[in-house]
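Going by the order they are written in, the chains are A, B, C, D and E; count residues from 1 in each one.
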Amino acid sequence: KNIPIIAAASSVKFALEEISQQFTKDHGLKVKFSFSSSGNLMRQIRHNSPFELFLSADETSVLKLHALGLTLDKGVQYARGRLVLFTAKKSPIKKDPQLTDVRQALDDGRLKRFAIANPDHAPYGVAAKQVLQKLNLWHDLQKRLVLGENVAQAAQFSSRHAVQAGIFAYSLALKMKPEYGSYLLLPETLHQPLRARMALLKSANETAKAFYKYLQHAKSRAIFEKNGFYPP
Amino acid sequence: MPKTGLKLWLRQTHSIKLNIKLHCQNNEVLALVGPSGSGKTTVLRAIAGLYSVENGLIQCQQHCWLDTKKAINVASHQRAVGFVFQNYALFPHLSAQENVAVSLNHLSKNKRLKYAKSLLKKVHLEGLEKRYPMQLSGGQQQRVAVARALAREPKILLLDEPFSAVDQVTRRRLYKELIELRRSLSIPIILVTHDLNEATLLADRLCLLHHGVSLQSGSPAEVSTQPVSTQVAKLMDQPNIFTAKIVEQKPEKKITQLLWCGQIIEVGYRANYKVGQKICWMIPASDVILHRRRKSSKGERENPFTGKIVDYMLLGGYVTVSIEINQPLKTYLSMSVPLHVARRNELALGIFIGVSLLSDSIHLMPYESLRNEF
Amino acid sequence: MDWNALSLSLKLSAITVAFLLPMGLIVGRFLAYHHFYGKSLLQAFLAIPLILPPTVLGYYLLVLLDGGSFLGHLLETLFGQSLVFSFEGLVIASIIFNLPFAIQPIQASFESIPREIREAAACCGLSPLKVLLKIELPLAWTGIVSAMVMTFAHTLGEFGIVLMVGGNIPEETKTLAISIYDKVQAFDNQAAGVMSAFLLLFSVMAISFTYLIAGRYQRHYA
Amino acid sequence: MPKTGLKLWLRQTHSIKLNIKLHCQNNEVLALVGPSGSGKTTVLRAIAGLYSVENGLIQCQQHCWLDTKKAINVASHQRAVGFVFQNYALFPHLSAQENVAVSLNHLSKNKRLKYAKSLLKKVHLEGLEKRYPMQLSGGQQQRVAVARALAREPKILLLDEPFSAVDQVTRRRLYKELIELRRSLSIPIILVTHDLNEATLLADRLCLLHHGVSLQSGSPAEVSTQPVSTQVAKLMDQPNIFTAKIVEQKPEKKITQLLWCGQIIEVGYRANYKVGQKICWMIPASDVILHRRRKSSKGERENPFTGKIVDYMLLGGYVTVSIEINQPLKTYLSMSVPLHVARRNELALGIFIGVSLLSDSIHLMPYESLRNEF
Amino acid sequence: MDWNALSLSLKLSAITVAFLLPMGLIVGRFLAYHHFYGKSLLQAFLAIPLILPPTVLGYYLLVLLDGGSFLGHLLETLFGQSLVFSFEGLVIASIIFNLPFAIQPIQASFESIPREIREAAACCGLSPLKVLLKIELPLAWTGIVSAMVMTFAHTLGEFGIVLMVGGNIPEETKTLAISIYDKVQAFDNQAAGVMSAFLLLFSVMAISFTYLIAGRYQRHYA
């Protein structure tokens, strides 16, 4: 009964499930996941959670827990998230890396709603906000924003008819069925790197540590990449 | 039959079984009596349009309220009925005055309250206008209900056991008020009650219901002393119902003779019975006459019987005794006399007395076997 | 204190109550006085919002109300705007979510009016409409008030559906409950605590007041 | 006072006001009568331990059930009372037999049902054991309630208006059954009723309650014909209550004379009243004797009065008439005679008749002003 | 279909019901038969779980039950383990969340037993315990069944609190409702639809059945 429970951000769900299958195949060891938003997980870890490894979607959550002395060390960065611009099936918006048509659509009224994750607490929301700020769209777009509770909800919103475009994680865009719409990968220069960091928690057992190592292995990197995460 | 007043028949075979025919003239009080569940309330509800019957006709003051053949069925609120419900059904959130004013829908608000006040005065409730139903005693609530029912100037007044919830002293007062009231009204009044005394006291005519069927209608005295069947007699609470045989018919002497308990009883001549025929007969308890102890009076020749007193009950100044006429057959005659008469004649359990059965009070009915059913 | 969110929540609650009052009256009264085949099934359907996770219910509402669906398209042309991510959409979601809270107490209070009282009113010459206005409504009012208070309080606190259908737009669909949630997520426990305390205080006061007058009423008439 | 039976006093100043003292011997039926809200049910509930009074003492068969001074208060289920509730309070989810068996808690399950069956047979309910309360008529429910109350072999039997929910014919049957029943029981029986006839018929003694106070106890005839106050007389439904003045005291002739309506009334000598004193008096309606039309009898010398008949009511074989003795003062005497007597003497509205007031039946009470309050 | 989550949900619901049955009986009966100062306030407090956003309530429960708090410490030493992130913790949260659903119907059903029936039972010589067992429980059973069915259905659907206090751990605290939520989040609409449909079907059946027997009962005795 030493299957460790790994707390992981919802955004890495698909990748992690694949990696853990591979891990079990390679090492004969099993792990369990508890997916939630990074914020929720961090809150739970502060209140005696049974988690042994924490994969955050961002960096700050891990560093904060480290400052509280709840992790073994500062941990490592395991992936780099990317953002996409997504437009629903019948959206009148044309996609381009500089969001020029978004600007245009904003001015001519074609764009009514724009979805991002909540920049107050969701890492991908923070990054999306940075993109919009960098492109000088933040101020004008703010009234048009619908905020997802997390990045998945932002993706849900983006695929709605009522929303013309949205920015969310590349990893989720890969999972979206093409009938909902299409995406465009945004250049990383538009936002601070979405460094996803993980750290072993105080209670980590051997399996957790092994999995921690396995996640940094090239095999895992490949799976991460397949699922929309770039290597750190 | 006059055109005014109420004319009604109801027939139904499903759910509540009904077969009822009755009429009530203006300024007449008709008592609907019958045991619990006999359909009294149902008839009132049908008149008020609160219960839909399969087949029926209800005409009131030349208005047709229901005619199932012509598919006429006037809505409740358009039939001008005054209905006093069994438990009054006052509106608990309205004061006495407002309760009455609800029925004065056609007047302006101001007039309404004024007129309601005057109506409450009529039923002796001045000063209590502002009270809510729960602050009124049973008798006072009943009066509010009556005032409310009358406020509409109804074409008929329906009273469902209006006295059942009040104590005896109040009840007596309310009787008097009803008697006064009906003098001032010229509409039919239908009074539901399961109290025969009440019906006798208050009604001009009485209609006896049983299992949804109207068995007999007539003046209270008539239904009570000349019931059409032993069933009616029993329901009218007659204690002396017996079977006998016709033994002689003397049309010339205007006499019919019965054989009962080995003795001959003479009654007024009844042509419609044959000699040898079995019949049932009854006599009211108050028409069994006691033979005086010491001196005999002329009545004593009329159908004299003697027997032992086996039961003695004192009730409101009157004594009811059971007299054993024939011990093996368990035949008992019930009679009642004022207490002072009972004292003067030293009536008591176990003593033997003589009684006479008044010929005129003996009533014959078709034969039916008399079981003591529960 | 997020005053914007508070005023939005109050507005949403008030409008929800304003819509549910007539709906609750019509449906509640109908259920109270009519018996028909499948009534218990209908009552069970009305209880669905109590059972489905709000976020899930919210998701289905989102899909349903969005312009992509047939109904959504219809509503969009009807209202001249998309209902999702708008205050109007929140109102619809909130109405649906509160149906059981509004209907059940109203139904119960109509059921508790004795049949004879209503019949007596008809015999007083009141038309069915006047019976409703003068007799039934005054007698059922505690149930109606209770339904409205519960609906109001409950809309104040509702969160999953509002988040899903509303999209957390400040001054439009960001209600107090969402604001509390956001503060909790952003580790601003103090602000979350203050707002929760306010919400709780208001709700407890409203409900205990309702129970109090309901109790009074019982003593008054029963 | 014997040690067995029931002895009770209750005093309370808050909430329901009480000041009640009564006792009831074994094998005695005590009727608690009084208008609605007078506290009859409350007394029964106090005896059964269902209502807690401020100050009181309840002793039954030498057991002390309540003594507020000694802080004794035995729990309901440990007082062996048989309680028949006003609406029977049968357990709706249990059959008649099971309802009775509940009271037989001390027996084994098998014996319980057997004995319950035999008890139901005793109250003539064989064959209905398996029925549920709602499948029984009012009278049958009442019998189940009685059987249940008796099953426990109670030390006292409490009956709260046991006949109010059944119709008259059934009621009469149930009276007979209660009379039979009490013969087989040797415990006190307390019967609450608001029907004076019922109390008179069924009870050995009667206790009159009013606003929570026991006003008078005694045999029904005593309380009814010798009330201690006009209030009691009114509550006992006496129609003839008047004020008068003592004008002469003749101890030697054993006579006291009153002045009433300008005439002298002679009554038996009452030493405790002074000449000139104002008093109240009453006479039962049945003790006003009608003067025969054609022949006079010896009773006619006793306090004769004449007057006009202003009211005539026929009620169950008896006629009640109001006689106007003094028109300006609106003084009316009420009397009742059997219907055949009324017929023979041609009584009718408007005719003048003579009556005698039996001296022995006239009862004097302390003076109180007689308003006709509502 | 996530069978693990389903079995976990059923287990959680069953255990919650098992705990709430006696609690609901005790508290509901107490509230039905006792009048005291502040009763309506207490009733309002019992309704709080209806009002506070579940996630927020969940957060406060997390803080409260965690070993760091006094109560949490106490419970931890009592149960020999931390209650948060465990099935036991879920049970506690679920019990708290369902209090109003369990207590209100039970209270109402006890209130509807006429006082005289209970008094008659005492006069038949039954001790208070026997009165409860032989008279009150059989007469109140429809209310009790209704309370239990509602609690069961509602626990199946509860999500916000379970997520917060339980931590979404598969086979331990990941219930059906969370699984549906996860599927919705992961764009697996088909799986979410199937599970929602199952949840709905079960709940509607349970509730309509309850209403049906409640209706029967009314016709039976009233």
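The rule is simple: contacts are C-beta pairs under 8 Å (C-beta built on N, C-alpha and C of every residue); 3 or more make two chains touch, one makes a residue touch a chain.
Owing to the predicted nature of the structure, the values given are computational and were not obtained by experimental measurement.
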Shared chain contacts [subunit A and subunit C, defined touch]: E
Two chains sharing the most C-beta contacts: C-E
Centre-to-centre distance between subunit D and subunit A (centres being mean Cα positions), rounded to whole Å: 89
Approximate Å spacing (C-alpha centroids) for the pair subunit C, subunit D: 58
Subunit C, residues touching no fewer than two other chains: 59, 181, 184
Shared-contact residues (touching 2 or more other chains) in subunit D: none
Contacts with two or more other chains, residues of subunit A listed in rising order: 40, 43, 153, 156
Chains grouped in pairs wherever the two touch, ordered by label: A-C, A-E, B-C, B-D, C-E, D-E
Interface residues, subunit C side, partner subunit E - complex: 39-41, 43-45, 47-48, 50-56, 59-60, 150, 153-154, 156-160, 177, 180-181, 184, 192, 196, 199-200, 203-205, 207-209, 211-212, 215
Subunit A residues within the subunit E interface of the complex: 5, 7, 10, 13-14, 32-36, 40, 43-44, 47-51, 150, 152-153, 155-156, 172, 175-177
Residue numbers on subunit C that touch subunit B, as the complex places them: 114, 116-117, 119-128, 130-131, 134-135, 138-139, 220-221
Footprint of subunit C on subunit A - complex, ascending: 37, 39-40, 43, 112-113, 115, 118, 120-121, 145-149, 153, 156-157, 160-163
List of subunit D residues in touch with subunit B within their complex: 35-37, 124, 137-138, 166-170, 172-173, 194-197, 200-201, 220-221, 234-235, 237, 284-287, 289, 313-318, 336-340, 358, 361, 374
